[in-house]
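Order as written gives the chain letters A, B, C and D; numbering starts at 1 within each chain.
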């Protein structure tokens, strides 16, 4: 979903960009790559065409010839009003370490029936194969099992929310 | 004329890219190559057009020209067949240090009348205001005067050739 | 037929002419200023010649340079497009002297219609309706009342020496006449030292309706229906449509036939447009344009007739072969002029086009010479393209226009696209209920109330 | 009318449907695989739902996923486009069970026409001309000669158990019959263990002519003229045009009326196409497609009818209101399928589109979902757009096509644009003188003679 990704990208950008203290970066072999990626994101965020940073012996400059995907921006504007998108954006906003994603399109139910206790809650340890939640599609209740043993870190969807294929459902640590 | 500029632009690009191989980098034989490869990949990944990194005496800059002018290439193909273009391309190919350019569209004549001696020849010293050649437009013979004193380095157009506005006629040193 | 046509223009119309030539197997020469070296039509033309520096008077209006370009390229005809030299009788004449065909009407017709007073006299002779006016000065209130009675109120009292609205009064009923006249005379006397007055019928909320004409080499003219160009800002048309939402079939037929008959009597050869003001009381001739109009595509879309091709055919002396009975209108068309201007302030916005993605699909036509990476020069007018939409009817046309505007991407410069998006939200536009003053008063209202437009 | 339509397709047709919906004030839902997240119609649609991974059978052919997407978005109708689920009777049926309208004909009609043998039986009942064949096996040479005499030579001797051309012989004159039959029988016996033969009329150089039909909710069908789709490579249409350069007015009228009458008898509701082979001896029904065709725009261009709108109207039970007498053809239209393929090797060329500049102007329509920066996925078919040209006549149309192809810029991937440029140099194409075998034999000749094509 375009808007979702878009939002994700934007949200991610801020903290990462803030963390872009150049000195720390050069330490690791991969350091400059992350720096460049951060700067690239900053370019997007700020609309600049070039950024140059120099700090404690490290200097980096990135620039971008101008944007192509203008259609994108227009598309995003309209797509951002979609109900499906709205319903799922809260989940999408955060970084998912190890998320269980929706294997199908449908409506999520967190408990076996209305008013019942949810299948799982944050902090709960689950076994492999244990039902995490239900996705209803075509009047069929599909039990979504835990792919492995672990602890539920966070539930990323709300009861009754529509989900699309590949959407993060919950984080399992 | 489009193709002319294009050629010039291309010529410039090559040396710049070559100069971007920072001699100081070579800590290990393959080291900077890998760095450049990594940066090239980062360019792709991030969509940047240029990255410059300097760290502990090592500086690297990579850039990639974007493919803007698609129309251009097509246009060039047709434009290069034009008589006017063909007539002037030999002159246009070289850098003109201090050229006298055509102040009008028309047909060039190097001598006052057919068979007569040319007004000027390469190596000849001319005075300011002295006729260099004639441009015929609308059945009128327009004498083109030397803008200043100098020596004719080279005549850049041939007798009877069509010229457009701004086209280099001869080089004056 | 011509072998090679020199296009003495720039921008979208130069490209439009180039394309028409290519369809007819005719070679093209683009002439251009140094500012237009990278223009699309220059790139696409078979040959191109730089004719001068950026200022139009040294390039696109430079007759000797254009003639010289004809000479060195061997072009046998010149298409002047619109603007620049398109209504320059002198240019048409000189070309003729050099044996080069001017693609347009005769110099005589250009000259005649270029003189607005002579044009009105001719129009009267041709039985075209004019805004009724008193024959010369009015002596007294009685004469004025007489005139007003004849042409119906409201009437306009105008200073013979006047200008700029001074010495001008609208009289809506007979009792106002005496007061208005003495006030106007006093004003005129003070401003111009001359209190002479004359009267004209006052047109309350006129629409701008123009009729597209084509006169064949035998001097038989046909009409291709009307265009409604009432949406104007500072006398610049912004959006044009055909057919006019204000005319019924009878009026449409009547004004078309009237204009075509007048053009035939005139012996007019080539494409031309008669412009009228239209109110409930009828049509009133304003002027005749002796060239292709910017808005010709709306006529092309509903009639299927290729206007530029017809111009070229006629200039070559070939009969276009189209008869009045062949002209059948299909559907509705709207043209939006896409200007590189801020949609709210109308400040020009030259510069590099950083992204360009025109809409496509059924009923969508984009005439534009812009491409990604193109730099819009600051030397010329700000129109960078036209979005022309065709639909089976006016509603489909406007609905289609709405998504086409939304899909149209131009980045790097401001454009008037948001203006059209705003306009399409207005009930008056949707209902076709506008006159020549509508747009300016809407803009004035919008400026007083800036937050209204922010959504667009 | 529907409130919200789910578009169960991708690429240019998804965009085409989206645009038609927007014109009708209908909200759109784009469903897409993970490979199409960046697709233009996904960006433009009011809502979008990712329904699965890239392989079509897990996404665009995934009926449960599409149904679930309808449920979560509340779409009240599904437009299937062409390909994918567009001729899947089961899908149409399931949608019906869920109270969602399938924009297409009834499941029964889809099923009937999907079974090629049943379709031919129905066609025979509907008096549609079929390729004449012997009723079952032929016993002996005498019977075969009898058949051939009845249908005219040449005839085709075919093995009843056959396939792949084995046991198949063309008989052009009576004296060849006995020899051909014994040879074919021997071959068939050797290959399939069964020497049974049957006969069919052999069509020498047939053209592919198809008739566009629209059946209204009351079951009255009209035809919108024919399309000539003879230019094919491996049974894939490459270029289509309307009207066919091979038909005269009488034949055109006849086949159109025949097809429309058959569709009416069938009670067919929605858009459909009857495909025929055409030779000098007449039309021969092949099959009926119960969906929108890729090449529907050529019909739209000459008739002015918005096919997708009509489909939606009919599916909603609204009468489109178009009568046969309203259908008037204007001019000529050609469609070129722009595939991301090498124009010589036809190898697919997925990847990033680095420049995209479609041609514009009068008579030019581009239906494409591509934009600069878009990545063409490798999972689906290679068609990335269609260039549709309309002209006052076939000559103008082809001349216009020529410059439009030249102005069309797509960089980063190979496209078939150069193929069309080459084709437009061929006298047979210019003259409309081609049949369904022409393109393949031209390609074969070109490959034998590679330097010929290098200029293109």
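The rule we apply is simple: contacts are C-beta pairs under 8 Å (C-beta built on N, C-alpha and C of every residue); 3 or more make two chains touch, one makes a residue touch a chain.
This one's a predicted model, so the numbers in the text were calculated from it and none came from an experiment.
Participant: Give the chains in contact with both chain A and chain C, ordered by label.
Facilitator: Per touch definition, common to chain A and chain C: B, D.
Participant: Note the shortest touch-path length, in steps, from chain B to chain C.
Facilitator: Shortest path length, in steps: 1.
Participant: Tell me which chain's centre, taken as the mean of its C-alpha atoms, is farthest from chain D.
Facilitator: B
Participant: Using mean C-alpha positions as chain centres, tell me how far chain A is from chain D in Å, no decimals.
Facilitator: 42
Participant: Any idea how many Å lie between the Cα centroids of chain B and chain D?
Facilitator: 52
Participant: Distance-wise, how many Å sit between the C-alpha centres of chain C and chain D, to the nearest whole number?
Facilitator: Distance between chain centres, rounded to whole Å: 43 Å.
Participant: For chain C, which residues are shared contacts with two or more other chains?
Facilitator: 44, 355, 357, 371-372, 406-407
Participant: Please output the residue numbers of chain A that touch at least 2 other chains, ranges allowed.
Facilitator: In chain A, the residues touching two or more other chains are 68-71, 74, 78.
Participant: Flag every residue of chain B that touches chain A in the complex, lowest number first.
Facilitator: Listed in rising order, the residues are 38-39, 42, 45-56, 59, 61, 63, 65-66, 68.
Participant: Mind listing the chain B positions that touch chain C in their complex?
Facilitator: 1-2, 5, 68-72, 74-76, 78-79, 81-85, 104-107, 137-138, 162-167
Participant: For chain D, which residues are in contact with chain A within the complex?
Facilitator: My answer: residues 34, 37-38, 40, 42-53, 59, 64-65, 67-69, 71-73, 98, 371-374.
Participant: Per the contact definition, I'd like the list of chain A residues that touch chain B in the complex.
Facilitator: Chain A reaches chain B through residues 26, 32-33, 36-37, 40, 43, 50, 52, 54, 57-65.
Participant: Note which residues of chain D are touching chain C in the complex, please.
Facilitator: Result: residues 15-16, 19, 22-25, 44, 297, 300, 304-306, 309, 330-331, 355-358, 360-368, 371-372, 391-392, 396, 399-400, 402-403, 406-407 of chain D touch chain C.
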